[in-house]
Amino acid sequence: MGDSKPERLIDENGRRIDGRRPDELRPIKIEVGVLDKSDGSAYVEFGGTRVFAAVFGPREAHPKHLALPDRAILNCRYHMTSFSVEERKPLGMTRREVELSKVIREALETVTFLEEFPRASIDVYIEVIQADGGTRTTGLTAASLALADAGIPMADLIAAVAVGKVDGQLVLDLCDVEDKYGEADMPVAMAPRFNSIVLLQLNGRLTPSEFKKGLALAQKGISEIYKLQQEALKKRFSTSKPLEV
Amino acid sequence: MGDSKPERLIDENGRRIDGRRPDELRPIKIEVGVLDKSDGSAYVEFGGTRVFAAVFGPREAHPKHLALPDRAILNCRYHMTSFSVEERKPLGMTRREVELSKVIREALETVTFLEEFPRASIDVYIEVIQADGGTRTTGLTAASLALADAGIPMADLIAAVAVGKVDGQLVLDLCDVEDKYGEADMPVAMAPRFNSIVLLQLNGRLTPSEFKKGLALAQKGISEIYKLQQEALKKRFSTSKPLEV
Amino acid sequence: MGDSKPERLIDENGRRIDGRRPDELRPIKIEVGVLDKSDGSAYVEFGGTRVFAAVFGPREAHPKHLALPDRAILNCRYHMTSFSVEERKPLGMTRREVELSKVIREALETVTFLEEFPRASIDVYIEVIQADGGTRTTGLTAASLALADAGIPMADLIAAVAVGKVDGQLVLDLCDVEDKYGEADMPVAMAPRFNSIVLLQLNGRLTPSEFKKGLALAQKGISEIYKLQQEALKKRFSTSKPLEV
Amino acid sequence: MFLTSKKDLTARIMRDKIYNLLLQDKRIDGRHPKSLRSITIQTDLIAKADGSALVTMGGTKILTGIKVEVGSPFSDRPDEGIFTVNAELLPLASTSFEPGPPDERGVELARVVDRSLREGKALDLKKLCLVEGEKVYVLFIDIYVLDYDGNYFDPALISALAALATLKIPKYEVVNGEVKKTGETFRLELTSLPFTVMMGILGEKFLVDPQIEEEKVLDVSLIIGTDEKGNIVSIQKNTSGPIPVNLLDTILDTAVEKTEEIRKKFLQEVPVKLAAEGEAAEK
Amino acid sequence: MFLTSKKDLTARIMRDKIYNLLLQDKRIDGRHPKSLRSITIQTDLIAKADGSALVTMGGTKILTGIKVEVGSPFSDRPDEGIFTVNAELLPLASTSFEPGPPDERGVELARVVDRSLREGKALDLKKLCLVEGEKVYVLFIDIYVLDYDGNYFDPALISALAALATLKIPKYEVVNGEVKKTGETFRLELTSLPFTVMMGILGEKFLVDPQIEEEKVLDVSLIIGTDEKGNIVSIQKNTSGPIPVNLLDTILDTAVEKTEEIRKKFLQEVPVKLAAEGEAAEK
Amino acid sequence: MFLTSKKDLTARIMRDKIYNLLLQDKRIDGRHPKSLRSITIQTDLIAKADGSALVTMGGTKILTGIKVEVGSPFSDRPDEGIFTVNAELLPLASTSFEPGPPDERGVELARVVDRSLREGKALDLKKLCLVEGEKVYVLFIDIYVLDYDGNYFDPALISALAALATLKIPKYEVVNGEVKKTGETFRLELTSLPFTVMMGILGEKFLVDPQIEEEKVLDVSLIIGTDEKGNIVSIQKNTSGPIPVNLLDTILDTAVEKTEEIRKKFLQEVPVKLAAEGEAAEK
């Protein structure tokens, strides 16, 4: 699986390797409140990418000398299981996981009213159980739902998706093979109510005009995801059936 | 040494590889108060297994945020020197040492009046200098003596020994070769006054009836060890000559 | 470079591999106040050995439980860049760096009025960017200047140099090849005003009489270095032009 | 503690409540003292793993995945494959778990599962040899606790066995001493099905499979593993506290009975391929 | 934060000052919002490194050295050499850096430089292969921040490229599958010159290459890398805070312009050997 | 400190007491300033080690064991075996030692013992080569401080040398470039017997082999190693404080004298096999 580059990533009908159109999201599944022992949680699937997120807090910051007098600390750990990827990931945090934990945390900080909880900490844990492209955007989408589920006040939800360039064409919501053999991968996360970007990275090569088109494509995907998030939250607060993965 | 499996572990006369009968302990040597700089210490040999234990405390828990308001913390580190075993043990704590530190600590906690020392810590260090089977039970036997030597109030001493199954037969106080090539190794530690088990593990395969017989065998060994412990403590408090290993 | 032992390290005219006489220092360059963001700093070159030192503090000790009620803590880290040596040095602190950090710190503690800053810490960072022999003595020479630049009160500056034995002859200020293929390397640091040795190590083999001659040779070098240090400090306090490495 | 004292007031009240229920053969979640929580098992849910299983036991949820690699055998067992077990108590599962390398509880969990598989002879490691002394299969069995509502031991072993039972091992051919993937996979036969059950003791009473509120007030607990023939294959006393010797007989009988119940459930849910009797008997 | 609020009073005052200057196209150090700080580049200053460069950008000072070793290629790229980027934020550079292994900022810096070099196609890794599938050059690009006065990203990439441009790679001959140093060295051709520029946003205004006082009060910042053809080759939003979508067009145009300015400066200062156009175009 | 000030009151009182005794050539444990504590040496007490020794020097107790393995030589010394020295200051030895990886004191101890053995030319490493450039003996010399009553340096080196002197090295035969254990062992000849003595300075006086109470109040201390010919083979100033230059001559003379005393004791107690003079002289 994924061992060698497919001859073409987009066929003569403009269909992608998994049959999608360029501007089409993968099937998305969202459930909120899936883990009992955390204060808030969510499970999100974007195709083969599967992620749990859980939130603990606000609670007293620990150790105490890390507490801030005027706001809560937001900690975030993005982590993958060893078997979520093609080659077994070593135990412990890789440099990639350290970096992604940072940019995800910064995105979450942007929309969270941390000033309401001086001296507290809010801890966000993201666990990728299967990685098929877009794990950071899926993780961030899940994390913002888990924060909402925990009742942490936020200015907006965060919806996130990657856009990319594959066989010269801009596509929405890259899967793993497209990420690996494509020309660019650009994860984008937004606070849609504010039309603000809260996470942005580019790994690859785009012309400025491709960048602009790619961003528009991401915005389209984000508005779809945002709707699904709101539906999932509504469902959460009307019922609470157990999760089936 | 120990490189290949002996043809038989019990001979036609029912004697074990080192000449013992199945229900016979190895020669045991116990000395209490052998290390000057600790608050209590003991040295115990079970045949080729040689262990030091030392206790520090009760003393102020450090760092302070670990202190408990209603009782002392009991810390325990079971550690082996690199040359105590056949293949050089890497420096640092192996997973085995981490696990054994935990079960030994839990055994010690069971009999120690930790409630008498709020906010304090009691630190128990066990150092295996030669391993020939039964290091955890020997270490625990030594640690409870070191606690007594340090004047820490306890409901009872702990006496411990492993039983096992070798060539289909239950035997007391396994040596290394018996452990390695035998069918089961079951370390047992008790607080004899209470007829209570404070450590119990099984690594191997026993029928329920073998388990019961094995436990009875362990109890027999434990009552012998308990006597030796009491004698060693008496000797400690009447004299204090230097140790010869 | 430095791959194999030169046939001789001192030629028929008594000249060393780099043309120096046995009692001659390498060209020394000293600049004080070279790094903007620290409270004090210095850059020192002894031939190919190039070292930055920076000082932070006195500042509140952190974490607080490390603070001492009657004096400042002096922390010191001696560190080399990965490319400063022949074979790439692994990232992180080697055992050699740990040891040298200790002896350098002890030398600095000897002359610093730590009692004037209870509960504070003073942090000294030494970074070797190129190593060509004598990195600890060059680092210490730089660190004492950085402390002076930071306005930390000291009983004296520390001047330091290594002496060694090469092809049977005592020489001053070893370079890398002399250190590697010579018979002895003896780093010496002094507080010249007190005629006191504040760092002393020997790695190699000297007769007692060679030791005494070597020490005298070191003292000669140290008095030259001490002058250069004082000049550099004067220059620092009259001007402040940017550094060119 | 001195033997069974638990001084904290809230814990005391909860302990009394649980103990008083036990005296009437009842529990806070309505179970009988000897009833297990309900178990669900899903396998093959992680496509990137060679085997995987998500197991819930009441509110405790555990995901295990297995990756297969090729490596060198241990020198004293040149004709046997290798497996290693790791366990991570993920911080999203409980406020009592911290991020970072496995603490002593994670290490203990991994080692108890490892011992139960090994001494319970679940696998025939000789079937995992490719070239004697040179190349063998290495199975990385990685256990993640996703939600912790008490007793992670039993579901962890169930998930490890379910992942093993459904494991698809890449086939290799040996060409001039080198190994090459053929692209096909094969299933591993299990030679035995050891399961554990966690036992909690409170006063002179005991219960099986404690949930978290019970775990917090038990005098002591232990995990007992048995195989399908009723052999005991692993024991781990895993908390401080005394086990009264006179309770052990009943506890052991119950362990054999309850692990058999787990085994039946497992065989219903998981398409396990068991080795023929004759083979399984050897070692 | 909730989007752009910064509650600390001192920070607020400094923010207002910097913002008010920005409204007049001014900055606290006298620069125009779109002016870079002055850049100096020294190469070949560490004789023990195979390549090295000390770069200052205003008060930020960065030393990069490269060591070349011979190692095995990655199995999926048997004909390509390898490079790795490490970055250490040395504690002597700033009170905000701690001794110890790289924290998340050091990791981020290394990864942003790595991505910019890799996606900017600065190197032709196939030129770093010695024996396909067996032996390739491995370049260790190690970045040390010596003095930190804001924006370590741009000078770090400049110093990495300057060290690469002046790198002297030991030549090896292949004798019976073994490699042996010949004692000679060769220079690496660069196939592209990607540079980054850090952009800071404050309200509806933005500035380039923030110094430290500016960094502390920005609403948000991002680093944009481009190559000589005006392609965007890397982006990293590196702080919390919102990027208004409508500012991005102008920011991108400015990034292309300012990286071109850095490129010119670089070409003046560093004796870079560029691959012929044709070659550089491939991948 | 500023040179020799020690401000703590209790330390001051103890210092004065020890200093006043020194002025009368006396010490708190009744020794003369130039008297060593009594030394005991037991060897061969760890059967699983290839060599071992337990050494006490007064109340300080140190256990050293050596394991021998076969490994690859360093590329610049293809015909020499390897030894490494590790030291652990076990927490059971002193309240001032913590569990965990060696701190700077443990590292220093290991490195001082290592340097004393290496520069003191205790071993002929060429005798530890099996196949040049391929296989050599690797000796792991691991030192554990069991009880710490001051000065762990001197007994650590004694125990390392006693373990080396009684080391039983497994013999290997070389068959087609592969090495195989023959089951026999051989003894290592020592080529020299370097010992150290720790010197403590207080005011203008000094003493040898300080015990713990003395260590705490000394102005400064240093460890001096010498070989049997009176060469100085290692020096380590190991605490903060000044060494007055004018004291060094007498200190050195005493060091030579006291290490010779240790050497005599060692030769009485340990069945050491010394290389013939001629051989020992080479390097």
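As written, the chains take the letters A, B, C, D, E and F, and residue 1 is the first residue of each chain.
Following the convention adopted for this analysis, a residue touches a chain if its C-beta (ideal position, glycine included) is under 8 Å from a C-beta of that chain, and two chains touch if they have at least 3 such contacts.
It should be emphasised that the depicted structure is a prediction, and the values quoted were computed from it without experimental measurement.
Each chain gets a centre from the mean of its Cα atoms; the one farthest from the centre of chain B is E. Two chain pairs, B-F and B-D, are compared here, and B-D has more C-beta pairs in contact (counted per touch definition above). Per-chain Cα centroids separate chain A from chain E by 27 Å. Centre to centre, using the average C-alpha position, chain C and chain E are separated by 32 Å. Taking each chain's centre as the average of its CA atoms, chain D and chain E sit 49 Å apart. Work out the mean CA point of chain B and of chain E, and you get 58 Å between them. Looking at chain A, one finds that none of its residues touch two or more other chains.
The multi-chain contact residues of chain E, meaning those touching 2 or more other chains, do not exist; every residue touches at most one other chain. Across the complex, chain A meets chain E through its residues 70-71, 95-96, 98-99, 101-103, 105-107, 109-115, 155, 184, 186, 190-191, 194-208, 211-212, 215, 219. Contact residues on chain F toward chain B in their complex (touch as defined above): 42, 45-50, 52, 54, 59, 61, 63, 65-67, 69, 86, 88, 90-95, 99, 101, 140, 142, 144, 146-149.
By the touch criterion stated above, chain E contacts chain A in their complex at residues 1-3, 5, 7-8, 104-105, 107-108, 110-111, 115, 119-121, 220, 222, 227, 230-246, 248-249, 252-253, 256. Considering their complex, residues 1, 35-38, 41, 48, 52-54, 56, 59, 77, 79, 81-86, 88, 91-92, 123, 125, 127, 129-132, 244-245 of chain B touch chain F.
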